[in-house]
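Order of writing sets the chain letters: A, B, C and D. Residues in each chain are counted from 1.
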Amino acid sequence: MNMQTPIKVPFTRYLSADGTLHTNLPDWAADASHLRKILQQLYHDMVLARVLDTRSVALQRTGRMGTYASCLGQEAIGAAIGLAMQPDDLFVPYYRDLAAQLRRGVRPVETLLYWGGDERGNAYRDCAGDFPNCVPIATQCCHAAGAATAFRVRGERHVVVCTLGDGATSRGDFLEALNLAGVWQLPLVFVICNNQWAISVPRALQSAAPTLAQKAVGAGLPGEQVDGNDALAVYDRVSAAIQRARDGKGATLIEALTYRLGDHTTADDANRYRPQAELKAAWEREPLGRLRSFLVARGDWGEWQEKSLYREVEQQVATAVEEYLATPPEPASAMFDSLYAELPAALQAQRDAAIARAARLDGGAAS
Amino acid sequence: MSVSAHLPGNDPYHGQELTLVDAVNLALDHEMASDPTVVLLGEDIGTNGGVFRATVNLREKYGCKRVMDTPLAETLIAGTAVGMAMNGLRPVAEIQFMGFIYATFEHLVSHASRIRNRTRGRLSCPLVLRAPFGGGIHAPEHHSESTEAMLAHIPGLRVVVPSSPQRAYGLLRSAIRDPDPVVFLEPKRIYRAGKHALQHEYDYLPLDTCFTLREGDDVTLVTWGALVVETLAAANLLAEQGVSAEVIDVASLKPLDMDTILASVERTGRCVIVHEAARSHGVGAEISAQIAERGLLSLRAPVERVTGFDTPMPYFRNERYYLPDATDIVAAALRTLEAGA
Amino acid sequence: MNMQTPIKVPFTRYLSADGTLHTNLPDWAADASHLRKILQQLYHDMVLARVLDTRSVALQRTGRMGTYASCLGQEAIGAAIGLAMQPDDLFVPYYRDLAAQLRRGVRPVETLLYWGGDERGNAYRDCAGDFPNCVPIATQCCHAAGAATAFRVRGERHVVVCTLGDGATSRGDFLEALNLAGVWQLPLVFVICNNQWAISVPRALQSAAPTLAQKAVGAGLPGEQVDGNDALAVYDRVSAAIQRARDGKGATLIEALTYRLGDHTTADDANRYRPQAELKAAWEREPLGRLRSFLVARGDWGEWQEKSLYREVEQQVATAVEEYLATPPEPASAMFDSLYAELPAALQAQRDAAIARAARLDGGAAS
Amino acid sequence: MSVSAHLPGNDPYHGQELTLVDAVNLALDHEMASDPTVVLLGEDIGTNGGVFRATVNLREKYGCKRVMDTPLAETLIAGTAVGMAMNGLRPVAEIQFMGFIYATFEHLVSHASRIRNRTRGRLSCPLVLRAPFGGGIHAPEHHSESTEAMLAHIPGLRVVVPSSPQRAYGLLRSAIRDPDPVVFLEPKRIYRAGKHALQHEYDYLPLDTCFTLREGDDVTLVTWGALVVETLAAANLLAEQGVSAEVIDVASLKPLDMDTILASVERTGRCVIVHEAARSHGVGAEISAQIAERGLLSLRAPVERVTGFDTPMPYFRNERYYLPDATDIVAAALRTLEAGA
């Protein structure tokens, strides 16, 4: 008995790193035109995220945005989640979920404003219910459990999807919420974006568990692994987990294996702690090229489509960047105006003081 | 929702005399009856009705979908309540004792208090976090905490402390209907201190005003929670000595209604602040500071603070050495009278 | 894949509820005289705990002690842990570990003082290193991980044993510490005293995991179950886990299945939420009678031994109770005198005030 | 250990000019060199040397047994440090940003601060919990917190805030050697604000006294952390207007050295308290209250508080609207002079 309790964790991959078929496609993929739609949609969403992400890093580098956490390399997970969810479902992100958020209706200008240090970036105009990015690691997992409970209480058949990183799996917030999801059989899907690093801490130092998916075992719910750089596989598994949750069968934990191709954030320098060779090898498994090759091989994608897609996406991003750069900051009073539903009388004087200070700092420009 | 919302039955508590904890239970009952989005969660609140019976019978009445016994995890209780509140419910979470509230702080400080501000009003967090607090019941360690000052410092929160059955009922109903997060601290030492009949006109009490419990001209006694009882007793003792003391129950520690307190001190020129929590950086400090800063000229004597010590509450055998009592309050009041004579 | 990942958790029991042999004894038990010593020692420690526990409840009922958490029914776990540990090992208890603590050197008068509301009950005279009872559920698990790390840092081959309840397994503190124990391979043994209830919350509402031992799977360390009412089985498994930890092979999670035969504490009334029948059935599996029957059947125990053991133990407890009741309270100044190594000048005035208040309350009796 | 304990090498920092964060690193280095029981734990403190490089090179120098990269779990970091400290080590734990410190509160409030008292001295908890705090570096949400008041309220803790390389070095070494738990909050905004050479006589600075950084007769400016810089700037501006301001760096927020502050206000009769944290129930409240309560007669004008607002720190685009600056301090000082004229 003096060794780890042995356990078998399911793993799913359809597309190999080179984009060839790794194993038979799932049954639902038999309908070629349906599959084409899905694949093209996933690819579109990944490209949009990649382009906006690249542009965001550039804006930070040129001093026009704040510290930015890139999703480079994780686009497949986001795209798959975004496509697998229904509009009335609820997405509880961590902070590398660009592809999912864009599909859910968050506008590029909003993600730019958020990383540009403007709360209005969380006031999603076209995505009323989703939760904003969550900075305190793993805390969103408890919020997701609460949101799922709310659906249950109201008898609504909606599902909550919550993402987190590999480092986040070490935190009580995730482990407590996972346990609740199991015992309350919540309509909830946790997707761990295991990009192998938590800033400088490698996956191996987070846990001795050979997989993170097996954290589900202690919570009494199913856990599985999926190739997080295979958009098709992630879409398939997340869809299945969402369906299971919608059918009242309870929560699922999915560990999506991917890799953080960028620095942790623009404030980080991964060369301090990460072997170049590892990074180089990871680029070989990168998700966009893999899906493109598969699409091309199926005759579902070609040069001109690629060109026009990029043309369209670059345009969309350029417009968003313009709007972002043209957006004036909020007045100082904004820090009081959504603090409470109604500003308590006790805070009125402070609000006035803030306005006065701003007027001074901005040279008379009152607000 | 409007304050005049219909109550189940046309006088649900007619005649009933209630203790403070009964009033908490009734407020929960009435809000659950009038609003299906109100749900309860916590440890032992279901079948057991709460270790202080604050939620007794509610599981039977509203079902386990709305009265949820959680696993033993305070961080989870707070974080789940935040998620519920962000998704359309009005959760009322119970932390069994304030001594176990610290694990909820991250969700209170970093989320509950900021959701509305963070999303510029797109989302909100109308939750209530209830916890019995304070000492004096001979309980084991961690069952006698009064760390309300830590919560009162957090922007975006409301911190409310009832000190009578009526205020427990009226403030809790308002807290549940408030669109923002409220920490509701219940003085367990007086959970069953006395029974009172409730009055309809106070079904919903305001969350941002002090209550003047007794009027007086010579000195203002400011307090909250269980020490309201000691302070009223002190006012009686002072009256016997011909000193007329005004007694103010702060009730809402955040936001703080200094206008009522300052107006009183304007008249009396003397103030004694009484709380059970550790003295340094307690809520009394903010009140004392504002009185001096804003009322300096009207002050006839330095403000006095009668508080707990800067030590943990001793184990119960020596608990009484820690807790301020009426005698301490009287002594402090007399000092302000001498100083200002 | 839509069901819980299947897993096999080891379970150990040697003695059946009626005290007959359930399965072959472990190899080390071949030495009959050694086994006799072990069994008699375990029985002695269980009886001492039972008698002191019963007396403690009585003291509370008669207003001479505070709220008390009885260990009734869990004596086998405590006795086994106490006997399996070496003096230089470190015990990190929760609060139903009377049998273990007494074996470790905590004096009955100290446990009485503790439950009697006197900090001196934690100032163990003959048990310098062990941690005191821990009231905030599961927090001791992190302390245990830290204490085990300290042994590792100093290169000492000592082991930390930490107990917790079934409810405690839902808390992040336990789950985070368990994960650390796995990834740092700490010399640490966690023993879950699964007494089926967390106040009024039944085991089934804590977690959907069929066993609590399997929480080890997500932390990458071995987990196993043992019959917690079989002192011999607990002793065998805890000893093995301690040996494994001492040999540098890392931590183990042991779930000891038992039952809370009393109310949660003297402030609780289990009849509000617990079926009588369940309690009655649990008494059938009670640990003392089981071990006594086994001892008697082996010819290792008889009437006169039973009598003299109880006579000795009753005497020992009576003496402790006398000492407890005769102990005057500490002076008020005590609340300041071990707050810091040296009292900060800023607190001197408060200390004087406390002494003055005490003098008033005690009618002039200064301190 | 004695303050004159031998340092590795006979003048390890001779000539070196250090920033505040360099000084933190050097203090850790020297304490680890002189005491094998000193260990470090936290997130990214090993190979990466900490996100602010406060622990850089220490893993290489002292090995991964004494410089431990933990899993991502703050409750665990604090709780593990408590267990280490209770078992003979002197752990120095890093919380990457104060915005993530709340998960450690239960271990600080319910354990670290009470171990010695709980066991009547049988066990103790000599840990240091380090965290960079404060705003002004254009960081994302939760990276600009100043909630030191919540910690200062906790009996049994020490809360220390350096504001120069020398004080960072001398106070951190004393904190590590202190037999009780110390929360050490580092003003990250001035981590690299300037370089200074250290002086041996200040290798160990006392943990319970304020530092008077500039003497003056007309008004006392009391502050700590990054705002010490703004406050000294304000003192210069005031000097240009012929106002002589005394500047006190409180440095140790708990226990609070009111004697130094009161002695100064006795002379000047005027006081401005400056902090970045939210105003209500901030540390400024306790200082202001005590000045009024104990120094009332010598006060020539109401105490002024220049503080952050009772709101979360705005996202960085509007951060500057929140942060008090020299102009605000000067204005407040002049108000006290007018009032007291």
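One rule holds for everything that comes next: a residue touches a chain if its C-beta (ideal position, glycine included) is under 8 Å from a C-beta of that chain, and two chains touch if they have at least 3 such contacts.
This one's a predicted model, so the numbers in the text were calculated from it and none came from an experiment.
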Among all other chains, pick the one whose mean CA position is farthest from the mean CA position of subunit A. C
Out of B-C and C-D, which chain pair has the most contact pairs? C-D
Whole-Å gap between the CA centroids of subunit A and subunit D: 36
Approximately how many whole Å separate the CA-defined centres of subunit C and subunit D? 40
Indicate the whole-number Å distance between the mean C-alpha point of subunit A and the mean C-alpha point of subunit C. 44
Which residues does subunit B have that touch at least 2 chains other than itself? 71, 73, 75-76, 99-100, 103, 106, 110, 117-118, 141-142, 155-156, 256, 309-312
Shared interface positions of subunit C, touching two or more other chains: 119, 136, 170-173, 176, 179, 183, 205-207, 334-335, 339, 347
Interface residues, subunit C side, partner subunit A - complex: 1-10, 170-173, 175-176, 179, 182-183, 185, 204-210, 214-224, 240, 244, 249, 252
Where on subunit D is subunit B touching in the complex? 75, 99-100, 102-103, 105-106, 109-110, 113-114, 117-118, 141-142, 147, 149-150, 152-156, 254, 256, 277-278, 280-286, 288-289, 291-294, 296, 299, 302-305, 309-312
In the complex of these two chains, what residues of subunit C are touching subunit D? 90, 92, 119-120, 122-124, 128-129, 131-132, 136, 139, 141-154, 172-173, 176-177, 179-180, 183, 334-335, 338-341, 344-347
Within the complex, which stretch of subunit B touches subunit A? 39, 65-66, 68, 70-71, 73, 75-76, 78-89, 91, 106-107, 110-111, 116-124, 155-156, 178-180, 208, 255-259
Can you check the complex and tell me which residues of subunit C touch subunit B? 66-67, 115-119, 135-138, 167-168, 170-172, 198-201, 205-207, 267-268, 272-273, 329-330, 332, 334-336, 339, 347, 350, 353-354, 357-358, 360-361
